[in-house]
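Note that the chains take the letters A, B and C in the order they are written out, and that residue 1 is the start of every chain.
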Amino acid sequence: MSTTADRLTELGLTLPPPMVVPAGVRLPFRTVHVVGDVAYIAGHGPQDADGTLSPLRGKVGAQLTLEQAYQAARSTGLSMLASLARELGDLDRIAAWGRVFGMVNAAPGFDRLPEVINGFSDLILDVFGPQVGAHARSAVGQAELPFGLPVEIEGQVHLRR
Amino acid sequence: MSTTADRLTELGLTLPPPMVVPAGVRLPFRTVHVVGDVAYIAGHGPQDADGTLSPLRGKVGAQLTLEQAYQAARSTGLSMLASLARELGDLDRIAAWGRVFGMVNAAPGFDRLPEVINGFSDLILDVFGPQVGAHARSAVGQAELPFGLPVEIEGQVHLRR
Amino acid sequence: MSTTADRLTELGLTLPPPMVVPAGVRLPFRTVHVVGDVAYIAGHGPQDADGTLSPLRGKVGAQLTLEQAYQAARSTGLSMLASLARELGDLDRIAAWGRVFGMVNAAPGFDRLPEVINGFSDLILDVFGPQVGAHARSAVGQAELPFGLPVEIEGQVHLRR
């Protein structure tokens, strides 16, 4: 039995189904792309339990609060874990997190970007622990994100050989 | 004979010459930097056939349409393939695409960013096919890009050992 | 004795102490995270000699000039070298720079982003020389950066085996 799957159960977390792509949009890339022992993780956003993108849209610091954005970053993490689990079969195959790049759809003047992306980092550290879950990170403000999403995060993990 | 070069000919595509750097600007970095079996690709923008940067400048969704930006992303892909071909000698040395990071100079409210960067992904998949050309991707909106370019894309590929 | 440390002395450069994190902010990630022979470098900003973040805040092209931003990018490089030295023990362990991603807190219309990030590239090339210091780079404009910093840079280096 997967230790990571056990840990998700213990934390009461459920991974969402594949993203329901908005009508009329093509996304001709892989959400997780494994090359050798590296898995590149495409930009993910927050999903609802039915697989659709979160209806929370807009700029953090204007339409959305810091707390809502923190939850969106956490939800983005669950979406990413779901993509990884589907591609890898078992999240225990992750030997180490590498790079995390957290992007916030920031209203003018909203610079509390690290506090938003903490929603993602806290989840990863909760699920994988301080050794495997450790990562380098940036948290920055974008002018726009796809579909008006409040948060988009991409990353890179290393797999057990 | 290179399969990838054949495929470019088949598609009627010509790779541009090295970028003509705008007057007065120093760019003290490598457009493609190989370390071991990874090639890091610097941020590229759309070029014209004579090597100069595309004269299409400005914000997508304001000065430029989605369709123009799609073509700019495709042109950015040709610029990147040209840099890779010059550095690697032969594009067949690419074993797998890894990460693609697509940035759009987005007008306020323009969030159709994935549709813009599809111009790049469609080209890569056309040229390399679904196996080698597969990649993980983000498509995001920047506040500004160098020289007012509408699109800038960076990435990472893996080379045959 | 470390060649890189010697070179820093020769250039009259001093590396700053660990960043003094602004009050009330948690940063639950590693500034440098080594996985195998890759070191992922988290987003860094300019620091003062006492470890605090630079008091120069705001948008480049509005509150700050290009020259101030160039110096901020250089200072960001020193902050990054300090993090690398603390994590690696010796900067000579760096076999090659890989990817540099330079982000500028850009005022509307300010697109001289490569000239800002040159402050970083020039430092890295000064310290490591043209062989080890060579890197691929992007220089882009963000809507917002943490704490209103003018520059944030992340990157990736390869270590000697």
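Following the convention adopted for this analysis, a contact is a pair of C-beta atoms (placed from the backbone, for glycine too) under 8 Å apart; a residue touches a chain by one contact, two chains touch by 3 or more.
In this text the structure is predicted, and so the values were computed from the model without any measurement.
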Between chain A and its twin chain C, rotation from the CA superposition, multiple of 5 degrees: 120
Equivalent interface positions on chain B and chain C, same or different at half: different
Centroid spacing, where centroids are CA-atom means, of chain B and chain C in whole angstrom: 25
Chain C: positions in contact with at least two other chains: 101, 142-143, 156
Footprint of chain B on chain C - complex, ascending: 95-101, 104, 106, 108-115, 118, 121-122, 125, 134-143, 156, 158
Residue ranges of chain C in contact with chain A within the complex: 25-33, 35-36, 38, 40-43, 101, 103, 142-148, 152, 154, 156
